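Before I ask anything, here is the structure I am working with.
Chain naming follows the written order as A, B and C, and within any one chain the residues start at number 1.
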Amino acid sequence: MTVEIDISKNMSPEPELMCIFGTGDLGRSLGLRLLQCGYRVLYGSRTPHSCGPLPQGAQVMTHEESARSAKLIFICVHREHYEFLEKMAPQLERKVLVDLSNNLKKDMYMEANAVYLQRLVPKAAVVKGLNTLSAWALQNGLLAGRQVYLCGNNEEAKRDVAEMATKLGLTVVDKGSLSAAKEVEDFPLQLFPEWRMPLYVAVGLSAFFFLYLLIRDIIYAYVENDEDISYRIMISLANKVSPIMSLIMLALCYLPGAIAGFLQLYRGTKYRRFPNWLDRWMLCRKQMGLLALGFAFLHVIYTLLIPVRYPNRHKVISSVVNEMKNNNTTPFYFDNTKAWGADSLFALGILGFFLFVLLGLTSLPSVGGTLSWREFSFVQSTLGHLTLFLCTAHCYIYAWNKFLRTSTYKWYTPPGSMLCLIVPSVTLVLKLILVLPCVNRPLMRIRQGWERNRPKDEMGELKATNM
Amino acid sequence: MTVEIDISKNMSPEPELMCIFGTGDLGRSLGLRLLQCGYRVLYGSRTPHSCGPLPQGAQVMTHEESARSAKLIFICVHREHYEFLEKMAPQLERKVLVDLSNNLKKDMYMEANAVYLQRLVPKAAVVKGLNTLSAWALQNGLLAGRQVYLCGNNEEAKRDVAEMATKLGLTVVDKGSLSAAKEVEDFPLQLFPEWRMPLYVAVGLSAFFFLYLLIRDIIYAYVENDEDISYRIMISLANKVSPIMSLIMLALCYLPGAIAGFLQLYRGTKYRRFPNWLDRWMLCRKQMGLLALGFAFLHVIYTLLIPVRYPNRHKVISSVVNEMKNNNTTPFYFDNTKAWGADSLFALGILGFFLFVLLGLTSLPSVGGTLSWREFSFVQSTLGHLTLFLCTAHCYIYAWNKFLRTSTYKWYTPPGSMLCLIVPSVTLVLKLILVLPCVNRPLMRIRQGWERNRPKDEMGELKATNM
Amino acid sequence: MTVEIDISKNMSPEPELMCIFGTGDLGRSLGLRLLQCGYRVLYGSRTPHSCGPLPQGAQVMTHEESARSAKLIFICVHREHYEFLEKMAPQLERKVLVDLSNNLKKDMYMEANAVYLQRLVPKAAVVKGLNTLSAWALQNGLLAGRQVYLCGNNEEAKRDVAEMATKLGLTVVDKGSLSAAKEVEDFPLQLFPEWRMPLYVAVGLSAFFFLYLLIRDIIYAYVENDEDISYRIMISLANKVSPIMSLIMLALCYLPGAIAGFLQLYRGTKYRRFPNWLDRWMLCRKQMGLLALGFAFLHVIYTLLIPVRYPNRHKVISSVVNEMKNNNTTPFYFDNTKAWGADSLFALGILGFFLFVLLGLTSLPSVGGTLSWREFSFVQSTLGHLTLFLCTAHCYIYAWNKFLRTSTYKWYTPPGSMLCLIVPSVTLVLKLILVLPCVNRPLMRIRQGWERNRPKDEMGELKATNM
């Protein structure tokens, strides 16, 4: 056994050199991180002798000098100052320019910064990317597992940048050619894009139900009985809208899955894309579920607050006083059925909310990430549908004795608790059909990659190991 | 200073080539990820000219051709199609075959897929692993920090695969030789294995206490007093079972630590393994604690709902009416001691629940991961025992005036609140003994690596830096 | 196209060799992890033939032999045993020694372990670091994204260690020269250092308000009315202190941001450091916010528990009885204004708490990490100030009808609800001034790097891409 090894050969040869144009906050933080990951760093600056404190171990030169020695050059300069790069185009030939710039607003310029850069220096390989990183995250080493986007026309240049980013602990997502630069530059300016649609739906439906109940409850009482119960807007009405919204949003979160199942069954394959509206709907299921949880949370607090409220205390006390006035001997008959009904209502609600919170917890990135695929599917599908079932049952019990009474239909409108049962009931029925063995078996085969219209012997490849 | 460096030498030479057999979902996603991490990718396919869209930058050849050029070959093909590999055994000689396959069910085949593969191609080095990754996670770059398992008979082959996996951002856990392949293949099919034991315990104990209280409360009232209070099953009974379960599960989560301490003291070393039952118990403490938190959460909501419930309203109103009927002049004497008792009960419960929620939050992977070892131990041990103490005190106050009354012992059985105090009291007493200075000092020394029966001069090694 | 590549060249040459002195828990776990990341591992031990089980694939030799072959040597030995290293100083010349040791207590030794080591072996390059890793985390692969600290006098040695740590999935933070070793060694012994100041503030203010309210409420009632309401300490008083604390802590969490804004406006630059007290205040805003959330949580549970409590039941029942005694015909007038007031109070509180919980959730590392900078600023600044506004309004409504009554000012002191409005009101007014367009525009320019006293043409560098 010869363990005598020449150390100089054993160590990785010379660490790679990275060049950074720009010595601002971002440039410094990036250089620091690159140094810590074992690269050598060279700054390019117009004023190499007076550019302030740089990370220890980095060198600084003029732009022209520094460009010569490195293959990768990070452009940490504002777009407005790109012109100087045009002048040094010869030195940048065949270099990889990583454009990290962002704009302050969307559509400030017609052309994406990176496209503009490529036009200035046509013979360099411009790669747009890493622009979602902030100087703060770079300095504090909060990069592990962060997703960054890259795009560029030169595949090899992109691969070099991707490799560097991987060493920094980032996860790279390739967005294709430089024509995607506009999209990549818009990323840091986005404000919850995946929440937009669910929020629109939630706000729209809430507004509708709020107005509907306002008319049915408060305006009706005012017009027909000349009673002013407007104070109910603050809590009673909110406590009717929030459970309705919670149930509907939860159902809307499981409905697209059922529709997709029927579509796959009908088409006999899983390899055809869903229609666009269904695709978008399926992508925002998580957000819909979380909004539903938010509404459920409000409903729980509103309900628990009922006995503390002034109107409730008033009701209890005056009901006793009335009771006494009428001199009833058995003043208050204890109705066992009513007790069962009321307690079942609460028990179902509590269990539903409990499971709902569990679902919410597993949708936390750090919790969901530790689950195996089968566990995740068990929680989100099995527990999810159980939650929907419990919450729907909770609502049915609440509404059950109102269906047949005509007094329920004020101004010929059904109560909100009845309206909100439509979507969850449909969802549950569709899901029930899908889990029937005779329907489920072909669906499972389709989801494992089987296709109805394809010869069997082409199926050798491992299509969906974990699906 | 010579910064003039030849770029071609500066860059890493030629990126390594990886070969993937199979162009299904998994193969494509894996190739995409490998390309993004800077590898070159070559697909092997039976039909290289018609295998559908592959990631940009990858090449495709026949199986035989592609096998020749790479050292690592990923097998992304279903087990049923492995036979073709036997035929090309000569080309696979001395190659590393990474078997990523999974089965649909446990025990579908006697022999693990990887063992079968090794039998078909005896001269290749088969490594089983990475099979917990889904195509979805690979495509979306959700790999950072994920744990993957490897096993195989060839150490060098395993090291090559581990290095590749590390570059992909994965965390590798070596499960030993290929005989562990069965276990590794069963991983993605597991459903919360670490939750199984705690759940059995929770369900078993809950069922016992539910029946016990059903008999003591509802059946007793029916038999002895001919009273039908069955409606209490839904909430009152559940609200007795859940705090009992919460307290016992919390105590069961700290009991094994105390037992382990006594065992270490008795043995005089920390280097002997605990008996199997204790080991398994200690491994599911976190799950026990979270179940206890779930029960506590239910208990809190059940309790807060009491005043909203119909039976409670009935009780309040009818008690007033009775009061009035009897024409008492000082209808309702305010009992200061009772007020103190009731409020202490609630105050202890609230503080206990508050700390309990804190404990639950620090057990979130992303929160716990940011704590230093000392902080984690402070939270889980010091705060944890404080929580147990507060909750036990809460229960003692609830039960204190019931111990001596004979009416408490219906049908000669103690009430549930008394039964559930046994385990937490024992746990607290054991812990109290362990923190006595005269007991704690030798225990600390043992936990720092000291051994009672070992000569002192062998103790040089750094045994437990952070323990 | 020539894909025929010689495999031996294609693979990375020979994996690098790492040497570990010490075969204790930490040494073994570190070796295991290094092996899994593709390094070769060589242990140095005094007793190479009897040092217990080592990770498979590692070799073991005497200290002297093993030191010769590797460049990096990990010192996993207790400080008390460092002397042997002095004797082998010649073999350690020009090696990189990574000191992973920790002490049991702060200030056990005058000199940091790493400084002592450097003194013993002056010609080696000592790097202190990685000492926050526990054997447990190493064994279980819980390293991804973990932050580790390094310090040392030799830049190249530090870079080698940083590169190795990066390969292990760690994130490296450079703490400078070896004089920082003491600080690095104190890290694992710290107990929530960033929580200390906020906790002091919280405890101090809580104690003040507790005493203040104790005197005003309970002692006042005892002295002036000879009434014993001491039972209120447990819940009523706690439920007054917790909302007061919650509101003040929340305001203290946004106040420093407003002060910093005015300071930047006054100075005309963002590049001058804030005074020390403001800097420290700004660094613990997150902790202040979380403490405020904890108090709010307590306030919510305390409030929801009110109707379950014995004193409340007594109050309800005796108020009815009094009502009846006085033989009122309209026993209980329903006051619409009062109902509006009470319900607005609750509605504002619920919405404020809801947003507060949202803020808390986004401060979870795994949730906050997925937000873009703009999203994070929207949540923490816009939603945060909205939360503060709602909670302040909640408190104003609670206190509104008390301002003018003289009976409020017991013993000439204002009630707690009035005192606690000062800080949030000031914070909101300051923030309001800062968002006025005429004030906000120059502030925004300053935060984008503009400086009032600096010539315009020096501003070319990308100062704050994502700010």
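The rule we apply is simple: a contact is a pair of C-beta atoms (placed from the backbone, for glycine too) under 8 Å apart; a residue touches a chain by one contact, two chains touch by 3 or more.
For clarity, every value in this text was computed on a predicted model and none was experimentally measured.
Chains making contact with chain A as well as with chain B: C.
Under half of the residue numbers at the interface between copies chain A and chain C are found on both sides, making the touching surfaces mostly different. Centre to centre, using the average C-alpha position, chain A and chain C are separated by 25 Å.
Of all residues in chain B, those touching 2 or more other chains are 144-146, 169, 304, 307, 316, 320, 324, 364-366, 369, listed in ascending order. Residue ranges on chain B touching chain A, taken from their complex, read 3-5, 7, 10-12, 15, 22-27, 32, 35-38, 46, 56-57, 76-78, 80-81, 100-102, 104, 131-136, 140-146, 167, 169, 187-192, 228, 230-232, 234-235, 238, 294, 297-298, 301-302, 304-305, 307-311, 313-314, 316-318, 320-321, 324, 364-366, 369. Only residues 14, 16-17, 42, 59, 61, 65, 68-71, 144-147, 155, 159-160, 162-163, 166, 169, 171-174, 176, 300, 303-304, 306-307, 316, 319-320, 323-324, 331-332, 334-336, 338-340, 342-344, 346-347, 350, 353-354, 357-358, 364-367, 369-370, 372-375, 378, 448-449, 460-467 of chain C touch chain A when the two sit together in their complex.
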